[in-house]
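Every chain is named by a letter (A, B, C, D, E and F) in the order it is written, and numbering of its residues begins at 1.
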Amino acid sequence: MTKEKFIKRFFLFFALLSIFFLAGILFVLFKEGISAFGKINLGGFLFGRSWYPTHTPGEFGILPLILGSLLVTVGALVVAVPLGIGSAIYISEVAKPGVRDVIKPLLEILAGIPSVVYGFFGMVVFAPFIQRIFDIPTGLTAFTASVILGIMALPTIASIAEDAISSVPKSYKEASLSLGATEWETIARVTVPSAMSGISAAIILGMGRAIGETMTVLMVAGGAAVIPHTFFQPVRTMTATIAAEMGETMVGGIHYQSLFAIAIVLFLLTLTFNIIADHISHRYKKKMTG
Amino acid sequence: MKKRKIVQTIGFSLLYLSVFIAIFALSSILYFVIIKGAGVINWEFLTSMPKEGMTKGGIVPAILGTFYLATGAILFSLPLGIFAAIYLSEYAKQGRLVRIVRLGINNLSGVPSIVFGLFGLGIFVKFFGFGVSILSGALTLGILILPTIIRASEEALLAIPESFREASLALGATKWQTIKGVVLPNAIPGIMTGAILGVGRAAGETAPILFTATTFFCSRLPSSIFDEIQALPYHIYALMTEGTHSELQVPIAYGTTLVLISLVLLINLLAIIIRYKMRKGKKW
Amino acid sequence: MRHFDEEKELLRKRLLSMTGKVEESIKKAIKSLRDRDESIATKVVNADAEIDREEVDIEEKCIELIARYQPEAIDLRTIIGLIKINNDLERIGDLSVNIACASIRLLEKPQLKPIVGLSQMTGIVTGMLADSIKSFINGDVQLARSVCVRDNEADEMRNHLIRELLTYMMEDPKTISRCMDLALIARNLERIGDLSTNISEDVIYINEAVIIRHHRAL
Amino acid sequence: MRHFDEEKELLRKRLLSMTGKVEESIKKAIKSLRDRDESIATKVVNADAEIDREEVDIEEKCIELIARYQPEAIDLRTIIGLIKINNDLERIGDLSVNIACASIRLLEKPQLKPIVGLSQMTGIVTGMLADSIKSFINGDVQLARSVCVRDNEADEMRNHLIRELLTYMMEDPKTISRCMDLALIARNLERIGDLSTNISEDVIYINEAVIIRHHRAL
Amino acid sequence: MVNKDKITTENLNLWFGKNHVLKDINIGIEENKITAIIGPSGCGKSTFLRCLNRMNDLIDNTKITGKVSLGGENVYNNRMDVVTLRRRVGMVFQKPNPFPKSIFENVAYPLRIQGVRNGISERVRKALSAAALWNEVKDRLNISALSLSGGQQQRLCIARALVTEPEVILMDEPCSALDPIATAKIEELLFTLKEQYTICIVTHNMQQAARVSECAAFLLLGELIEFNNTNKIFTNPADKRTEDYITGRFG
Amino acid sequence: MVNKDKITTENLNLWFGKNHVLKDINIGIEENKITAIIGPSGCGKSTFLRCLNRMNDLIDNTKITGKVSLGGENVYNNRMDVVTLRRRVGMVFQKPNPFPKSIFENVAYPLRIQGVRNGISERVRKALSAAALWNEVKDRLNISALSLSGGQQQRLCIARALVTEPEVILMDEPCSALDPIATAKIEELLFTLKEQYTICIVTHNMQQAARVSECAAFLLLGELIEFNNTNKIFTNPADKRTEDYITGRFG
């Protein structure tokens, strides 16, 4: 083998590591979690309405957890998507260069605030506030979690959407203006539609982030494993369940295994989102290059 | 014509509003943390051990723990990430293999952090028997930030115009000479940005270290990589959810949060400054 | 059709109409002599100014076309050919003026025995001229070559004429001055033939990019 | 210096050397008559082939330059001017051959009284030719204009000569044929003057982009 | 035939920050003619063109003095609505820039934003025909405009500019991204367009200026050095600097 | 003066995947002359050029048959070392592509990768002089190459290609990113370079091919239609298709 060939193989090995890790994750999750299905049937697991793992016999229905996750995620998106995309459009199309140079890095920096900080803020500031405003027994509700999660996902969505919007060639904008369009028409009819796939990818990635989010929801969602009926009640998500309960389980026990089983569901769910986002942004690239 | 102008005014107002809300929401978080945390922070807080069941004293083990974890994670994932990125951008030919690798990286980055925690638990803590330790936590975090590093490095490498490579090859350089002489030197700032962002991310993560590295309280500083540790993010969580004197713990949590935020934001700021500098200086 | 082709076409048409004028001049100059009508000759002399103007115009247009379209290959050859043909046509116009002037001088004096050869020669050279231009317009290299061949005929004829004139002069010295003018006319006609040949050679060059002039026996 | 300028310079030089040859031809043709040396005249006739070849070469080179460099403005005018001047030079060459041929015919017969005017006229027209080319090479419009003025002198001289010849012929019809040849020589010299004038006009055009020919009184 | 000026500028000056980019430009762009702007890189050609439809408004720190009149009205007057102005003065850019929409929607765009509802497809057809593109695309109006070739894209952009029937069309190096064959097609198109429109074209291809234009302006360092018939400029420029530039002796 | 061929191709065929891009090309590129390759976009000009120094090796799915000889040796022979080949056959690209290093280091790069240690600065000076750039940069060899103007950058790239004294220089549209004035400078440079080097230049600017080259090859859809003296090609091409292309009647 020549030197050049050797170098190439060397690098190839490292490129394959990601796959290896991904496979490793899958393997560990299944290794630890699969035997849960020996004891709980799959339908009962996914659609069971109650989650009482510590009872004897334990009940392992994760429907409340799934619904909790979805509720919080949807709520978060309702907050984050309009604000995030609005901000993205503002930054890339409307803001004066001076303003843009402040706001854009600001958002990027804020994107780096750790999730536990959001959780903390939610617990000590926002939840009491909600409790007072709506006069409800606890401020730790799906609503609270949604809003906090939404704010948290906002910089992510804004930043990816901003990338997509500002990578729309300047020539489109010039073309539209030179044809007698107003700036708003240019944004609404040319710039944003051209960046649509990038924006959708941003939304889906934001969704993935929200659904996989752990600490925030763990701290502010309230943690009641019941099927939610309103926004203003405590809920418990899949991630929070794992984080909260793993510490107290017996390694290898059914509770331990079922938590891994939840992780499998979570993993597959986010995998799906990611593949969809990937697909969209792939198509987007193709479209932009003709 | 008038109607078109009005539509424009309304549209722009909505945009201003959304930016305003976004900035307001995010800065109010900072505001509270800074206002409430600033009073707690002093030299002692930063340099002494916690006392009296976490109701008094400082957070030095948590600071150190976060430092060890983040350093360990970056030491582990930086070389891996760079090597993988070099393969992808310099050697890989478009084909099934690359698509799979890339899909793998994208999905790895989308895996929820708690799942990484479980993975670390399953592999490092249990299978390799490292136990709950700095090593397990750092490795878990390292894998978590690997996609970030690979992406940033790859982006930095791809930003080097193809024409540089062609020029070098056409001058009779070998591939490796080209990478070493022309590609990598120009990609270093970009790779550094990626690495710094990775450090910031690693420092702020909680879920992955829940079961792999941290403990609520340890009475001494770690002496080896196989020791349990405290970490800032987990410390905040623990202060809020465990212990019994929450009225005493919340102020400490504020202080810890301010320290963590300052740390992470400073790191991110650094990365962003480097990136802006780089974009400005770049003429090709 | 390319814009350049349109412009070129226009130029061709102008050249054609200029040829018509020049041909007319030659015929008229000779006619004035035959009909002993000075007014016709005067017209020829006066008409020349227009031909001259047209020549200048066409040349300017050609240079403009080169400057603006940077023609290559056959287009370039055509334009260069046009410039040269245009030049030749103008000279032919001048030659007919020369003939007309000689005619005017001759008309001041009594008529000599009419020289049949002159009309005949006029027929030949105007034929040559017409054909050379026709060959240009149609890109007809065959026809162009035939013009070159006919040039010898014209030369022959001129020699014959001059010899005839010499005899007249010897016989009657009073005719010398008139004969000199007639000889001049013959020479001019022959030169018209020469120029038509030049034109034909240019046509061949334009179409085949072979410069053939001087190759034929002198 | 641009590569194009080098090529143009080369062409100019070639044109200059061609002018030298042509001038020589004219002088030799006249000299052969004066010295009654047929061999000189023959040399003139033979030398023409080379001038012809050179003309074709120069013209091809000019067209090549247009095709390859797409010259504009003064460069274009220079090349077009070169083509035309080149053409004129070749014609002047032909005219000296004509003179040489006439000379050969004359030498077959006894000498007439030497015609002083002829030498003098030769001096004038070769001077005009030399100056017109010089004005081209140096871009000297002043000089070019002076050539145009001198043309009238040459015309005058020719008329004078022809009148003198007419007298001879009248006096002695035996000289008619020789006088005709001498008249031909005078006409050819005058045409050389005309062509030099043409060249000068082209020089003016090249440098000032004003086409002046035909504007002056005919 | 006396031609009148469609656009005139009077002492037009423009600064980008402290950079004095256009200096006292006085020019008259004649109706139904093609006017070419030539000059070395950075001399202000594009800037001048973009003054005419106020595209320079988009650039910060721009200062403009003097007058630009379109059919007698001052373009920089406060009462002049930029949107209307740009509809009257269309523009075609250096790189073909169709929107990533279908061919049809690209051309229909200017109509749609004006709120036109009826007869759109007829007007699109007419514009595409005028841009000599109709025959090539009539069977596939719904495919993405980005799948057209560069030359076709540029003609599409021309059609898009024509559909609202502007009075003037500005073109900033419209062929510099095209190969010679596509360029030739656009040039031919220009000859037919000028019968209906007033066209002003910036090009750094002098030969192109020579071929297509009737009048040509030579700019140098922001100054208008010479403005004349194209014939005159290319066979006998009045200014030495023009001559030097035209013959490639410059710099 | 009999010139011998420096590079010859025999029945050179090239496929990109199923796309037959070069078809039976037989050509002889003469020593110390400039050979131009012209033809419409996509006809395979660049591909042909890149066959000569095997830059096409970098593209996947390429299949090549036939022979390319450099001074008698087959370039596609297994014994031919690509690195050595590329050192002997230099290349200059369409867009100036200096490395983001200093001027000096750019030119020194090829020497450094060859492990040359002595006399580097002398050789750099010589190369810069040969590329007619020395006088413009001699006082600032240490500034970044990226701060040079486009035309200077391209001459720098030429210097960089010259420093290892290749036998042949391939240029793929070296002036298409430059303005006319910088282009004129490069063209003048070519005339002096050809005394020492064999040059093969791809250009879609026909006038440029006409100006600089001694021989010209016209490619169409991957076929070599005509290969002849530039004079001949531009005044009297043998093939109707060449004539049509040259006179702009094509397509």
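What we mean here is this: a contact is a pair of C-beta atoms (placed from the backbone, for glycine too) under 8 Å apart; a residue touches a chain by one contact, two chains touch by 3 or more.
Chain identities (UniProt): A = Phosphate transport system permease protein; B = Phosphate transport system permease protein PstA; C, D = Phosphate-specific transport system accessory protein PhoU; E, F = Phosphate ABC transporter ATP-binding protein.
Computed from a predicted structure; not experimentally measured.
The fewest steps needed to get from chain D to chain E, moving only between touching chains, is 1.
Counting every residue number used by either copy at the chain E-chain F contact, over half are found in both chains. Averaged C-alpha coordinates put the centre of chain B at 92 Å from the centre of chain D. Rounded to whole angstrom, the centroid-to-centroid distance between chain D and chain F, based on C-alpha atoms, equals 48 Å. With centres defined as mean CA coordinates, chain D is found 95 Å away from chain A. Between the CA-based centres of chain B and chain E the separation comes to 51 Å, rounded to the whole angstrom. The set of chain E residues touching two or more other chains comprises 83-84, 113, 184, 206-207, 210, 234-235, 248. Residue positions of chain B touching 2 or more other chains, listed in rising order: 4, 174. The residues of chain D that reach two or more other chains are 2, 4, 60, 63, 67, 70, 72-73, 76-77, listed in rising order.
Chain A meets chain B in the complex at residues 3-4, 7-8, 10-19, 21-22, 24-25, 28-29, 31-32, 82-87, 89-91, 94, 103, 105-121, 123-125, 151, 154-155, 158, 182-185, 187-188, 205, 208, 211-215, 218-219, 239, 242-243, 246-247, 251, 259-260, 263, 266-267, 270-271, 273-275, 278. Those residues of chain F that touch chain B in the complex are listed here as 53, 55, 58, 60, 83-84, 86-87, 90-91, 93, 95, 97-100, 109-110, 112-114, 144, 146-147, 157, 160-161, 164. Within the complex formed with chain E, the residues of chain D that make contact are 2, 4, 70-77, 209.
Looking at the complex, you find that chain F touches chain D at residues 184, 187-188, 191, 207, 210-211, 230-231, 234-235. Every residue of chain C that touches chain D in the complex is listed here, in rising order: 48-49, 52-53, 55-56, 59-60, 63, 66-67, 70, 72-73, 76-77, 80, 83-84, 87, 162, 166, 169-170, 173, 176-177, 180, 183-184, 187, 211, 213-214, 218.
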